[in-house]
Amino acid sequence: MLNIIVILPFLSAFIMAVVYLSNTKPQRYFFYTLIGVGSPTIITILSLLSAYELLNGAPTIHTTLLTWINIGEFNIDISFMADKLSVVMISFITFIATFIHIYAAGYMKDDEAYGKFFSYFNLFIGSMLLLVLADNPIMMFIGWELVGLSSYLLIGFYHTESQNITAANKAFILNRVGDFGFIMGIALLFVSLEGTGFTFSSIKENISLIPLDTLNLIGIFLFVGAMGKSAQIPLYVWLPDAMAGPTPVSALIHAATMVTAGVYMVARYSFIYEELPDVGLFIAYIGAFSALLAAIIASYQSDIKKILAYSTMSQLGYMFIAVGLGAYSSGIFHVFTHAFFKALLFMGAGGIIIALHHEQNIFKMGGLKKQLKLVYITMFIATLAISGIPPFAGFFSKDAILMTTYASEHYLIWIMATFTAGLTAFYMFRLFFSVFHATPKEPLSVHSLDKSITYPLIVLAFGSATAGFLGVNAAYGGDALINNFLALPDRLTHISHSTEYLLGGLNVLLALSGMLLAYKMFAATANEPIENTFFSKLIINKFYVDEFYVMLIVKPIHLSSHLIANFIDPKIIDGFISIQINTYTKVAVLFSKLQNGQVRYYALYILTGLSLMSCYMIYKLGVI
Amino acid sequence: MSNILTNIIFLPLFIAVILGVLRAPLKLLKVGAFFSSILVLLLVVFVIIDFDPKGNMQLITYLPWIQSAGIFYYIGVDALSLVVLTLIVLLMPPLYLYMYHEKRKGYWYNMMILQTGVTGAVLSLDLMLFYLFWETMLLPIFIMIGMYGSGMHQYNSMKITLMTILGSMSMLFSILYIGYIYFETYGIWSFSLDKLSLLSFNPQTSLWLTAGFLLAFVIKIPLVGFHTWMAPAYGSAPTPAVVIMSSIMAKLGIYGIWRFGFTLFEETLLFYTPFIITIALIGLLYYAIRAVSENNLRRMFAYSSGSHLSLIALGLFVNNIYAWGGSLYFIATHALASAGMFIMIGLTYQRFRTLDINSLGGIAQKAPLFTFFFAFFALSIAGIPGTGGFVAELLIIIGAFKENFILGFLTSFTMLSAMIYIFWMLQRVLFGQPNNSTPFADLNIKETLMLLPLVILLILTGVVPSLFTPYFEPYLTQLLGVAS
Amino acid sequence: MSPDLFYLLVSLLFSIGLVGLLSRKNLFVIYMSIELMLSSVNLLLATLSKVLGDANGSVMALLIIAIIAAEAALFLAMIIHLYKEIRTIDADEFNQLSEAEQC
Amino acid sequence: MAKRAVVQNNMLELIIFSILTLFMLSGAIVMITSKQTLFSAFGFLITMVGLAGMFALLDSRFLAIAQIMVSIGAVVVLSLLTILTINARESNLPDEPNKYKWMVFSSLLIAPITFLLYKSLLTLNSNFSDMPTSTSKVVGELLFSQWVLPFEIVSILLLTAMLGAIIIVKDPRKKEEV
């Protein structure tokens, strides 16, 4: 079953690619839709079935497809494993991905490269499933890289605009920087455990064999991978630019796949991070700073998709706080709820963008609540969910994380996280009010939306509203179903129910005040932020991090390249060779001058030689 | 069956000579060349079927040639040479297909002679015989660059020839001196590898002899510092010659170190190991960074191939099975990928008549199939999972980590090195708006068929390496057992 | 009277011939220098014939005189021919062996 | 008495030798230094005459006569005739501004050779034998017995040279007309 789950998307991607390449004319709409949407549907059913199996108490499922490589101790199989963690992941990934596929079928209907799009899309899902279901780090890494590759392809989907490709390159290269760390982690892990097998279960068993120093390095290296994929400081700059792709791609990247991979990875290696509280704290701080930074930047953006992108980064920061502090289940739970509302937000935004003929600036929209009623309602639910208003999904998951931070007694993290929560409500409602409530500056022509676009919204809205109930804490009368099911090595924190209520109340209060502030400022008329003060200029330009990177990395590479091309190669290395060549040439010129065609001179040369020989003989024979 | 290897080596030359004597018309020549390459491919398939991965040197032919000087016609095949041999014969048919429109007869003859040269060099086990084939393969390259090249081809062909001959000369001196030492010790002349490997040299002599060999191989690879012939030669050679240089001849440098260096100078090479690893690490990034500012597509991939060959050399000098396996695997997969890439570049040139990256662009809009193949080969050079390059890079990284942490860390930069230029190149060549109004035809069926085997092989090597590894894994284990 | 003086004379004559050959451009002088060198050899032969009391040397010298005559005929003919062609007897004008010009 | 006569004879020979040497060397030097071709030829003539005297001094009368008849009577006169025939004007003579520099330079160059030559010649016998060998009779006998083949070859050579000279001098432009 697991084999089929992984292979099917790859297979359908392959089939569609072959069909598309053999005839690129925009036809066969039905064929592509059937295969492209059909395969995620089937794998959703299969994933849910396997989840059901595990729910009923079945042990972890292992399947082996074939032997991948076999050199020395490096024996790697293409094999898959569904434990509770991966089952939770694949269930919601496939579920949400299916709806995004359905949505995309409507969204991309008129695109010439419809087949190509679905081929990439299925490749994306397949890679993500490979990543999640992998039984050993190597397979996981392959999935990990392929996710990066397919995101590259999808972000650069509109390839005629050069800047889209730049965005895609940026995404892939930064991901690859992460992979650079990841592969070092894996290699180190393998070398340290050489000979004891290299699947997750055997690593878990033998983890105590590794000295702590090495383990620390491994933990940090692996997290570098997560930084790249999950867009954390300092490797986050690709995420906003990744909005260059079609909106369903953004929804898929941000909700179900790719960015959550980092969190999943840390949870998957929880048995390592469990041993390394210091590294965990480092992760948590990175997460907290990312969350805050992204929230601040998001408050000053005006592109609807970029605001959502920064909000993703911010929420990912929460997840890393959770996993860093050892609350793996809470992290995964937030991944789970976040998937619903973030997918919904992106799809809603996509709907708005289509309805307004590809307008993305929220300050050029306004008053859309009448025209796009369904989008309005669903987006409202999603916004409430992300802001953490009970009883919507976001509240429970975010609350669990905040509580962990408080209980861990790292108060700086807690303050940052709580502040970010308020800020989240502010910028999300800023978006919401500007788009739906504010009076538009000029009358908008709105185009009606396809059913395949709107219906998935309803399903996801339902999910956003209710998904949180799976993980209700004991304090709120639940029994944290999902946490118990996941059975990850959580660091247990004890916190009294009253403190919990207090914290929850504080969060809701902050969220509400953020919401009110946004209402005041943007509900009536929404104005674009202007770069009037130093501070706003800094934020609108995203703290000049991109420019900084360009200056620090891209420029030096180009400079050194030119240095090599214009100086080192021709002057120094070829210099040695050309010195010799020049010498030969000069000597040759000299000799050709000697040979001037006058026989007299030739006689002179002969005589010179003879004369020298005579001198030598006189000297040698001692004639004098 | 016993002289199957001889047939493999000399069949192309034989057919070339017959066609030349008959003054065959162009059409017959084309058919003959292609037929010879297919026939050789079939023969190699027979060899592979019969091959026993656990055995040593197999299918040995040992005939006296110049007996008074102890030079024998001594050939044989083991896992190492089988890998290189297989990739040579795999690449020839697509190259002949690529050359289909070529009207100059000399071109075809040169290719056939070249094939004999490279297969002979791979299979020979007598040092003099090896030297003979080693020089044989240089001559056609010289002619092909000099006569059929573009740009400053005459200058460049002289440059490659002189630099390579410098290496060959030093190797010849070493070979002769080794033979002489053998003569001193045993009283007869011999240049057979297995006999010479019994010799033990005094350390000082051995250093010089090894340096003589290494110089030849290092120039052929080329590692940084010996590379200035590479970009000009690649830039002005015709595509088939480029493919042979990058995919086969460069690998023969690695093969030479492996076969002759490790057999004869096991201990002395340890002395050179730190130097070579340092040079290779420098080369890994040096070439990659150099490629960034290169505007000629072919030269860019010349540097790219230099970067990857540095990695292969690095893996060769890291003494464990992962790094060696990775190196050997990389030899094959990089040959396939770079052959594909250079063929794609050749096709681009045929269509656009330029290789300047800045004047290309927008190909994706006009030719999806072409784009697919181009991007596939470029990405497989970059080592994307699912292509063989990834497996090899992974193995080499693991091997380097096993050696020590710092080396592993530095080797991992291979993950980034190709990124630096390949993606920017793809952006400017394939995507964006076309800068060039020339109509761009998509791949036709013939071109697709020529490239498809390479694509399939690359994917197979990436997805199921276990199909291929059993052929050389026992050999490596055995070699390591001997070494340790 | 000892042959040493003759030897000295021979050496000097030969050398003067060589000097003339090298330092002059006039074809006639070159020709005569060559004759002078030949003649000095002739003198040496005659001297040796006397020293050894062997007439063979004289015979050789005699033959050489004949050869000098033959040479003279050809050399002078060539000079005349060359002078007719390019109106000069400057040896440096005949430099078709030169490498530099063709480069 | 007889001894004295020998001494006197020797003295006489030495004086004759000195005078001849003076003539020859000065003739040779004039030959290689003078700008006018005709003067050179006269220098050459003097040297040749001196040479004939030297042959006589060495008791080779036949040679001396041959020298006078062939070298002077034929060769030198032929040269003079050629020079006069050509009658090169001053402007057609080669311009040799560095003539003396060249001479000094090449003399320096040749000095060691000369020295070596002289030294090696000194290793030969330094006494004349008393046998009167080179009489015409002996020479004639040798020439027609042992040396008959070289003699014939030389005669053919002379013939060939004559024919060659005629062919060379023939005007090529006229040949084309024929």
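As written, the chains take the letters A, B, C and D, and residue 1 is the first residue of each chain.
We adopt the following convention: a residue touches a chain if its C-beta (ideal position, glycine included) is under 8 Å from a C-beta of that chain, and two chains touch if they have at least 3 such contacts.
As the structure is a computational prediction, the values presented were derived from the model and not from experiment.
J.: Counting C-beta pairs in contact, does A-D beat A-B or the other way around?
T.: If we tally the contacting C-beta pairs, A-B comes out ahead.
J.: So the centre of each chain is just the mean of its C-alpha atoms; given that, what is the distance between chain B and chain D in Å?
T.: Roughly 74 Å, centre to centre.
J.: Can you compute the centre-to-centre distance for chain A and chain D, using the mean CA position of each chain? Integer Å is fine.
T.: About 105 Å separates the centre of chain A from that of chain D.
J.: In angstrom, rounded to a whole number, how far apart do the mean CA points of chain A and chain B lie?
T.: 37
J.: Compute the distance, rounded to whole Å, between the mean C-alpha positions of chain C and chain D.
T.: The separation of the two C-alpha centroids amounts to 8 Å.
J.: Quick check on chain A: which residues sit in contact with 2+ other chains?
T.: As it turns out, chain A has residues touching two or more other chains at 604, 607.
J.: Scan chain D for residues touching two or more other chains and write them down.
T.: 106, 109-110, 113
J.: Between which chains is there touch?
T.: A-B, A-C, A-D, C-D
J.: For chain C, which residues are in contact with chain D within the complex?
T.: Chain C residues touching chain D: 1-20, 22-26, 28-29, 31-33, 35-36, 39, 42-44, 46-59, 61-63, 65-74, 76-81, 83-84, 87-92.
J.: With touch defined as at the start, can you tell me which chain D residues reach chain C in the complex?
T.: 10, 13-14, 17, 21, 24-25, 28-29, 31-32, 37, 40-41, 44, 47-48, 51, 54-55, 58-60, 62-63, 66-67, 70-71, 74-75, 78-79, 82-83, 85-86, 88, 92-96, 99, 102-103, 105-107, 109-111, 113-114, 117-118, 121-122, 124-131, 133-135, 138-139, 142-143, 146-147, 150-151, 154-155, 157-158, 160-162, 164-166, 168-169, 171
J.: Quick check on the complex: what are the chain C residues that touch chain A?
T.: The contact residues of chain C facing chain A are 18, 21-22, 25, 30, 91-92, 94-101, 103.
J.: Can you list the residues on chain A that touch chain B in the complex?
T.: Going by the criterion above, the answer is residues 17, 20-21, 24, 66-72, 74, 116, 138, 141-142, 145-146, 149, 152, 156, 159-162, 165-166, 169, 172-173, 176-177, 179-180, 183-184, 187-188, 190-191, 194, 217, 557-558, 560-562, 564-565, 569, 573-574, 577.
J.: Contact residues on chain B for chain A in the complex?
T.: Residues of chain B touching chain A: 163, 225, 227-228, 286, 289-294, 320-322, 325, 362, 364-365, 368-369, 372, 379, 384-386, 390-391, 394-395, 397-398, 400-402, 405, 408-409, 412-413, 415-416, 419-420, 423-424, 426-427, 430-433, 464-466, 469-470, 473, 476-477.
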